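Given below, in the form of structure tokens, are the structures.
One chain, chain A, appears in both complexes that follow, with chain B as partner in the first and chain C in the second.
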Partner chain A sequence: MADYTIKVRRYQPESGDPAYWEEFNVELDPSLSVLDGLLQAKDREDGSLAVRCSCRAAICGSCGMKVNGQSTLGCKTQIGEAQEQADKMASALGTTADVASTPIRGVGGGTEGTESGPDIETATIPAGGPVPIVIEPMGNMPVIKDLVTDMESTHWTKIRRVTPWLLPHGEAPEREYIVEPESMIDITQSMACIQCGACVSSCLSMEADPLFIGPAALAKAYRFVGDPRDAETSERLTDLAHDPHGIYDCTHCFSCVDACPKGVAPMDQIMRLRRKAGENGIEDPNSGHSHEMAFVNIIEKKGTLDESLLLQESFAPGVLGKLMPTKRAIKEMIGSLPTAVRGIKTGKMRSLPKLIPGVHHKLPGGAQDDVKAIYKHAEEHNEEFNLYIKGEEGELADEPDIEKGAERSTSPANAEAK
Partner chain B sequence: MPSHDVLVIGAGLAGQRAALAAAEQGVSVGIVSKVHPVRSHSNAAQGGINAALNPDDSWESHAFDTVKGSDYLGDQDAIEIMAREAPEEILHMEHLGVTFHRNEEGKLGTRAFGGASAARTYYVADITGQAIMHVLYEQLMKYSEQITRYEEWFSSSLAIDENGECCGVVTRNVADGSMELFQAKSVILATGGSGQIWKPTTNALICNGDGIAMAYRVGAKLMDMEMIQYHPTTLAGKGFLITEGARGEGALLLNKNGERFMEKYAPNKMELASRDVVSRAEQTEINEGRGFPDGTVALDITVVPKKRIHEALREIVLVGRDFAGVDITREPIHIKPGNHYTMGGVKTDVEGRTDIPGLYAAGEVACVSVHGGNRLGANSLLDTLIFGKHSGRDAAARALRTDWSKPSGKVLEDEQAMIDDINGREKGSGRRVSEIKLELGQTMDGKVAVFRDEAGITEALETVRRLKEEAKTAYIDDHGSVFNQDLLGAIELGYMLDVAECSCIGALERKESRGAQYRTDYPERNDEEWLKHINLEKTDEGPEISYSEVTITQWQPEARTY
Partner chain C sequence: MMADQIKVAYWPGCVSRGFTPELHGSMAIVAQKLGIELVELDRANCSGAGVIAEHNQELADTLNARTFALAQQTGLSMMNICSTCQGAQSECQQRLDADSGYRAHINEVLSGQGLSYERSEDGSWNNKNFLWLLVEDYGLDRLAAQVKRPLSGLRVGPFYGCYIVRPKERLGYNQYPDRDIYLEKVIETLGGQIVEYDGARKCCGFPVITMNRETSLTQAGTHVGDAIDAGADCLVTPCPLCHLNLDMQQPEAAKVVNRDLGLAVLHLPQLVGLALGATPKELGMGKHIASTKWVEERLTAVPA
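Right after this comes the complex of A and B.
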């Protein structure tokens, strides 16, 4: 048994008051969960503390919430570990005040980017006190009450957006569909999704573009695209590639991979969708695929990213593109000029000369050959790295026959990354 | 007043399957669930679903295993239907999109499970329940024109018309607290079991016996309420489930001396004997001092190849790591028997019909009875689908030939009065609802568990009756309308106490040992006197006991060894 202070972001809609922080002292074994802590506070002190929960075992997906700013499941986060994390964050900031009083993203600032999230004053506690574990409702969603968010408007509508049911063609076979065993295991990774919303809560793209279909719904989409029984793969991919808020709206930040309590790795599923869209030759109006290919080709040629080539390679690739750009390519390139100017102004592109073709330096010595060797290796080892099949990196230590996690960075999935 | 030809209460596997089956008949369907459907407890079914689908297996073999597993208390007509229809149902689920495990030929592959004479368990890693339920929910989304979903609506009372037929239900919209009387020609209860009456339990916090109590309160008979399954492999203290699939994959049970103790209790089936047998063996080892100091024995999964563990027992790797701090691929994990499943429930026939016309029940809330005294692993998902389907079809057929009967508004007024009464209690007027729940859970786990006797059960019954009185003055903190979980918790406490009372009465009444009911004061099975179902019906003085015959088709009771 140990004592903990949990600091909960409360919002009681019927009180007419804005959201506020409230601390509860709870006493429980460190191996029990943050949800257990909340339930103890609810049982013993205040029954009005609202939190969705059911299974307590990370399978029902009810208790998505932020713990110390990180989107997760309350039942899957051990309270002892949450305390260590809170302590670490506080000491990193050189203060004994709690993390909620600091302007870390996602902590204490309320629900930025949501319509009905009330603004609240961040609280501080006297220096020298214990560091509380900070618990907030999920982000990117309106708050209904305390830790209960409106998932219908932000999560389920997007799930329904991806036509989330199998679309086989023709009559079902008399027995089962005969499919590759690996294909079923492959989509079982996205099937493992429990619709908790932690990835949606943590998604940076969705914060910038609330219309982004988002990590959960796109992972759900891959569950059908990767399913050999589904007959509308191409239609699905075209739909998701053409939507300006679709697969190319992901910025590869890994937040959803970190947040997902079930190892679904939604971003990996989005990358699979992109790859399949590319393989299927789907031309998208967002030029998402050609933009990705531009990165791949430039780095293969130069070793590092030559920004001066990026726009042209994205919209009018190759020598042919340069000599005879299509009307659309010209339009796109002109349309991108303000972005380029902004890039220079904000220092994202370091200097004007960098935009002149040919100025970009080459890698010294034989380094470019090493880069090419990496490409070659990646192409020869074109194998999906599916955590669901192979376990996590640490778990593979004594199984030399299985590819190590380190190879992940050279897998095609990442080589195509932007 | 929202109205549907068929109204389904509860949206786990049984409820969703019932809704889809009813909709296929062209009637209007509503499905009401107090949680979002995908939060339902069917999620927790890890290991798989049984069917004699292999050409060299037979439905008769599956049926016999189930009959034997039930300790001959299962009704064999119902068991035959379940075993016969299982293969078609599995294929139906596969066609809808369930990502069942495949063998090397790309066909459906199986794993071994307890109490079964063939490997006939079909599975999706160890998330079978979740995988099937999410696929059914996909179908609910697909057929949203035919099936209206009421997500996060809490049902509290069934409406009965002047002819004694069920014609609707009172529900509360959890989001804003508004109350509605739903009208229906047929109502299907699919609200799951009552595991929260025991603490610890593998069951979710939502499993409070809602439907069992609602049906009991309007006069439906309950059956075999003493039959409560303790699962052999749960984490001590927390009650988390470790799938039987682990033993199916070859994991061993060891006592503190490292002995594979199942050799003594079930020399043939060993770890894969029926659950009641394995749980009793473990509890005996623990009681006789051969368990670990924390009151457990060990489950050794390290004997299963690591790649296979990651492929087939992924969830258990996570449960071990996150909830016990154990890497199950490297070390044994400590487990003990824990409350898991309600074999008893609302008495129904094979079409899911209860004693009340228009009221159906399917899944764990119901007692058909296919599980009798002990449910076999991987038969619960099958039960939900098969009898969900039957209920949905029959409820739709009834709706098509029945006229609307308008429920009386009085049931809504009564419900509002009940809520006003709870809201009106002052803080300190009695005990906290949560305190009563805790005392109930500990009492039941202490006295009505793996081993029982008259003194213990009587003590539990007295405690339950005292708690029923205390519940009348128990107070809550939240008096609001929006997401008032405190109020719902108080209503659920009422359900739990009614069901607990019935479980105690049944356990006290059955003076023999059969399946999950092991009476140390009556240690033998007694077919002469007790090869019968115990039925309970509500009266003002408490549950009234009656009996009904066990249906036997082709398997006469025999001695049960594994």
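Right after this comes the complex of A and C.
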């Protein structure tokens, strides 16, 4: 048993007051969960503390919340580990940051610390004193009460947005669909989603653009794009690529990958949607596909990035893009001029390769040919090695029957068990 | 590890030799002052920044296996100065290390170039961002001893870049759990004051600058604004791509978030270099878009 202080962001709409922080002292084994701590506080101190939960086993997806700023499930986060994280972040800020002088509001929003004057020190966290575990409702969602959020507008509406059901070929068969098990393995990762919303809560694109379809819904979209029974693959991809808040609005920050309690890695599914869109020859008005192709082609020719050429080829790809530039291309190119002028002024961009697209040097010696040889091979193969499905060799390394390229495991259980 | 002389195979990345040339220059100065020997991998290729992997995963894995193999040929571990390179390369390395069959397949392609990537069973060969190398291999005590001009009174906001903080499992956080507080440690070691603000581990927005300029610059502008509100004199970042959005695009970001900005953004080697006694001019700070004058003024208040 150990003592913990949990600092909960509370909000009751009926009170008319703004949100506030309240601290509770709880006592439980470090191996128990943050949710257990909250339920103890609710049981012993304040029955009005609102938190949504059910299974306590990371299956139902009800108790999404932020613990020390990290979106997660309350029931899947051990309180001992949460304390270690809180201690670590407090120690990082050391003595120079002002966190140590933050006035503590006592339980019930007491008045200590609100009085101004030299005696405020008595109400500050002493250096090395207990660091509270900070618990907040999920982000990117309206709060209904305390830790209970409204998932309708930013989660369920977006899930419905991607048509989350099968759109099959022709008439439905009389009995079940017959598919090769191998053809379904590809989507097992996205099928593991429990709709908890932790990824949505953590999404840094959605924080800047609330209209972004978001990680949960796009992972769900891949679940149907990758399903061999679905007949609308190209339509789905076109829709998601053309939407300015679709697959090309993901800022590749990995927040959802770390937030997901089930290993779905929504960002990886978004990257697979982009790859499939490219394979299906879908050109989008957001320069998503042209940016990807420009990048890939530049490295084949130059080995390192020609930034000027990337900009030009992303907005106005190829001869056609330059002869008949789109309105967006003209707008974006003109929009980038002030930045370029500033770069020339400071000397940042004052050289021909930086000013003129395509002047950038190649890798020295025969190195560029080596890069081209790699392209030639990979464009023919284009294999995806999904660790979620294939697992790490690790404990299987001693097995005698591991052959080159052989698939050892097709079960996601490996990744789950880690 | 506190080897007397650190020598690494050095991958500077593309942007440090492109739109942020001051990064490449300042790293050379700092390495010399710290006594870190850099063997530059001038034949190595772009890490793909995640974009090549988005197009063709095997292509990205093979290209980065090539870079690793070039580094291993020198007999040295690898160092990079770009969070994005670190993230993209670690992703490929994780797949290559996970499966001997897959690795053999990739190495077959490289064999035509006389190259081969070997998994390091004990982790003795590794690829580290300068920030990681500075804390884990060079050591903060040793760094503290080199400080000629403590950054006393300079209020510095850390900005990590997503690719060296997430995903934790892939980036060695099991072995080095403090990697997401190294910038704070370095700032403190150099005598500066840490500024806590909301954006330190968030996304600069650069990856979507081409596809959704508004989302991108909203992110950059918000983080810079938050740091200013928290009292920062400057930000420091180990990622040149973050620098592009936070510094080069800062005037444009200011328009999007509709407020005045104007906050210096230093590359990690520049901040270290200032404390080691290098001049702002040597460190290329004049090349920045957001003026670094205020940082220079605060520093000259302390005798060099």
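Going forward, the second predicted complex is superposed on the first by the 282 of 418 C-alpha atoms of A that agree within 3 Å, B and C clash if a C-alpha of one lies under 4 Å from a C-alpha of the other, contacts with A are read in each partner's own complex, and residues count from 1 in each chain.
As a working rule, contacts are C-beta pairs under 8 Å (C-beta built on N, C-alpha and C of every residue); 3 or more make two chains touch, one makes a residue touch a chain.
Because the structure is predicted, anything quoted here is derived from the model rather than measured.
Judged by the touch definition given at the top, the superposed model places A:Thr188 against chain B, while chain C stays out of reach. By the touch criterion stated above, A:Cys60 is placed in contact with chain B alone, chain C being left untouched. In the superposition on chain A, A:Gly303 contacts chain C only, with no contact to chain B. When the two complexes are overlaid on their common chain A, residue A:Gly347 makes contact with chain C while staying clear of chain B.
By the document's definition of touching, neither partner reaches A:Arg328: not chain B, not chain C. In the superposition on chain A, contact is made by A:Val148 with chain B only, not with chain C.
In the superposed pair of complexes, A:Lys362 makes contact with neither chain B nor chain C. Taking chain A as the reference, the larger set of touched residues comes from C, when chain B and chain C are compared. 390-391, 402 are the residues of chain A that lie in the contact sets of both chain B and chain C, per the superposition on chain A.
Of all the residues in chain B, the ones that touch chain A in their complex are 35-36, 38-41, 43-44, 91, 94-97, 99-109, 124-125, 127, 130-131, 134-135, 138-139, 141-142, 151, 175, 204-206, 238, 240-241, 306-307, 310-311, 314-315, 317-319, 322-325, 329, 432-435, 438, 476-478, 480-486, 489. Remark: chain C residues 14-15, 17-22, 42-43, 45-46, 48-59, 61-63, 66, 87, 94-95, 98-102, 104-105, 109-110, 112-113, 162-163, 166-169, 177-178, 181, 184-185, 188, 192-196, 202-203, 205, 207-208, 210-216, 218-219, 222, 248-249, 251-252, 286-289 touch chain A in the complex.
Residue ranges on chain A touching chain C, taken from their complex, read 88-89, 91-94, 96-99, 204-205, 207-209, 212, 244-245, 248-255, 257-258, 265, 271, 274-275, 278, 286-288, 291-293, 295-296, 299, 303-307, 311, 314-315, 332, 335, 338-339, 342-343, 346-349, 354, 363-365, 367, 370-371, 373-375, 377-379, 381-385, 387, 390-393, 397, 402-406, 418. By the touch rule above, chain A contacts chain B in their complex via residues 12-14, 31-32, 42-44, 46-48, 50-62, 76, 78, 144-146, 148, 151-152, 159-160, 164-166, 168, 172-173, 175-181, 184-185, 187-188, 191-195, 224, 227, 229-230, 262-263, 388-391, 395, 399, 402.
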